[in-house]
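Presented sequentially are two complexes of chain A, the first with chain B as partner and the second with chain C.
Take a look at the complex of A and B:
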């Protein structure tokens, strides 16, 4: 089973994805974006959130959900440090001595950590072992039709230090000003989850775990997505820049084989996704498509998808 | 390309501090907009770095990275920046050439400060 979710969310004055700092100025991530204006294409720079940032948040939620279902999570991932068995030092914590066979290495990692099972890993030693992530997440980008209204704006803040004359060095000021660049936009992003990849070897395509364990891990993976969207706990600087706004629309497609909802950056993404699914239905694909716009809240659409997956025996 | 020496030196400074972001974005730009945005960001960052750099007795500025002293060149003059942006508007290849020069060794030893 394959789950694909298109999410639109409004975020005003957010600092969800900061990149480098230049002196006292911390910059928001920005990307070039093609927009059409008066029949002509032009490039504009818009605030964005990286897929890496969203993926990190998802995996943090996955840690919590996995632990609450008594599923294994390795020590590194428990601390939300997703090294992903990248070298001998980290792999030895799971299996020691380290086997020579890539298949055995994969089995050892998948058995001992849900996060590396669902989120993939790259063991970059000899022999190298790579496992693709079962979930995919796009950048969050402003919705096309209103991208020109997206802004990034530096906000001035001040930090104070109490200094007596003995601790004061040179011309250091008791007050330091700094700027945080905040973004404001209606964002859209896509999240996909390949439930068939969980607990299954990326090398042999054979199940590594028993059916019950696989189902429990799928449940954790779905709950983590639910929690991430429901709580809006993704991105950085939430302590003082929690975005003002919230999820405005969600479109969820559950299919037997990989299918990705049309990107929510397009205004007609729901209608287009529906049309594409109808074509697939004609080819014999069973699916569920549910959207939360207007009256329905996002949690209701996500719950509907989870209920459908449960009915289908996915978990 | 000597007319854009100030920009080349600034980009080379970022390369020396292992920040390849600006030189890559300018060198790989397919149209003028990314060059303009990147140059704006690079100048903004460069000013901040320059203002907080160490100043030697002779007035030269430098920053320390991995135990090495990296001289901080002067801020590119306004006319040069304007000429560069105009040139990029008419030929994007200028941006690639400037970025390529910034990645090459300088023809003579550069020193920091208000040159």
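Take a look at the complex of A and C:
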């Protein structure tokens, strides 16, 4: 089973994805957007959140959901440091001595960590062992029709330190000013989850875990997504720059094989997705499509998808 | 006799960013502007394997290893792509500060992307010409290939999620001509081209996808809009459009 979710969210004054600091200026991630104005194309730079940032948030939620279901998470991932068994140093914490056989390496990693099972890993030694992530996230980008209204704006802040005149030396200042660039936009992103990948070897295609454990891990993977969306806990600087707004729309498709909802950065994404799913039906495939665009809240649509997956025996 | 071969024309919409590494699985942060054929094959292989119930990504043969995508290479006689909108490479230099176990570490990195943007609905259309003999000998049916086309989820690496907006199927007639008009990428060898476009060196997948550092390469011409091509051409007509095949 394959899940694809399109999400639209409104974020006013956010600092969800900062990329660099130049002196006392921290910059929001921005990407070029081509827009048409008076028949001419021009480039505008709009605030964005990288898929990497969203993927990191998702995996943090996955750590918590996995632990709450008593599923294994390795020590690195538990600390939200997603090294993913990238070398001998990190792999040794899971299996020591490290086996020569790539199949055994994969089994050791998958058995000991849900995050690396679902989120993939690349053990970059000899022999290299790789496992693609079972989930995929796009960038979160401003919805195209209103992209020109998206802004990123530096905000001035000051940090104070109490000092008496005797301790004041050189250029040390009692006040330091700094700027944080904040973004505002109606964003859209896409999240896919391939449930068939969980607990199955990327070398032999054979299940590595028993069916119950695979089902429990699928449940954790779904709950982590729903928790992330419902709590709006993604991106950085949430303690001081928690955005005003929230999720405005979701569209959820569940299919037997991979299928991606049209990106919610396009205004016609729901109608297009629906039409495309009809084609799959014509090819003999069952699916569920549910949207929350106003009268329904996102949680209701997500729960419907959960219920459907349960009914289909996915977990 | 004109050979008629089965084709798929797959129109995709990007979710914003298309990240195409010139050397996949390496730290080299070079990006390609246009989608290379190897990426198109990788993109359709993933849903195809899903339908076939295979999860295998890597084949280990004693000391060597390779991608399982190699198993389906033979199913394709030719693959090519056309791109509407002009992709641009965006390679910001980033200074990254991280606090790792109490120590601040600073590094500079760059992350070039080939980015597809545009209010005028930027789309990527891939054409796959199927080798029906190879397909008949494989475990897949024609319907599987069609379903797989609908199941393409991304092009290239990481965040490059796409949605397949339409899949057109039909039979292509392959003919030899001296001049043709095309908007699809073609191998740039011994041809005369009038029109704008970009040359890009890509991996020649027909020699197999193994070690990319030693793979044979070919130069492809990616038209901007459409171009006129002259020479000894073998072309296929795919649903009202023309693609130029390799010599």
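We take it that the second predicted complex is superposed on the first by the 311 of 315 C-alpha atoms of A that agree within 3 Å, B and C clash if a C-alpha of one lies under 4 Å from a C-alpha of the other, contacts with A are read in each partner's own complex, and residues count from 1 in each chain.
Definition applied: contacts are C-beta pairs under 8 Å (C-beta built on N, C-alpha and C of every residue); 3 or more make two chains touch, one makes a residue touch a chain.
No experiment lies behind these values; they were computed from the predicted model shown.
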Dominant contact partner of chain A by residue count, chain C or chain B: C
Partner chain(s) touched by A:232 [first = chain B, second = chain C, both, neither]: neither
Partner chain(s) touched by A:266 [first = chain B, second = chain C, both, neither]: second
First (chain B), second (chain C), both or neither touched by A:257: second
Contacts of A:194 with chain B and chain C, given as first, second, both or neither: second
First, second, both or neither for A:25, with chain B first and chain C second: first
Common interface residues of chain A - those touching chain B in one complex and chain C in the other: 20, 22, 32
Residues of chain A defined as touching chain C within the complex: 2, 19-22, 31-36, 41, 48, 50-52, 102-103, 122, 127-132, 136-139, 141, 144, 147, 189-190, 192, 194, 196-197, 200-205, 257-263, 265-266, 272-273, 276, 279-280, 283, 285
Contacting residues of chain A [partner chain B, same complex]: 20, 22-25, 27, 30, 32, 42-45
Contact footprint of chain A on chain B as seen in their complex: 19, 21, 31, 33-34, 37, 41, 44-45, 47-49, 51-52
Residue ranges of chain C in contact with chain A within the complex: 13-17, 25, 46-47, 50-51, 53-60, 63, 65, 85-86, 88, 90, 92, 94-97, 115, 117-121, 143, 146-148, 150-154, 158-165, 167
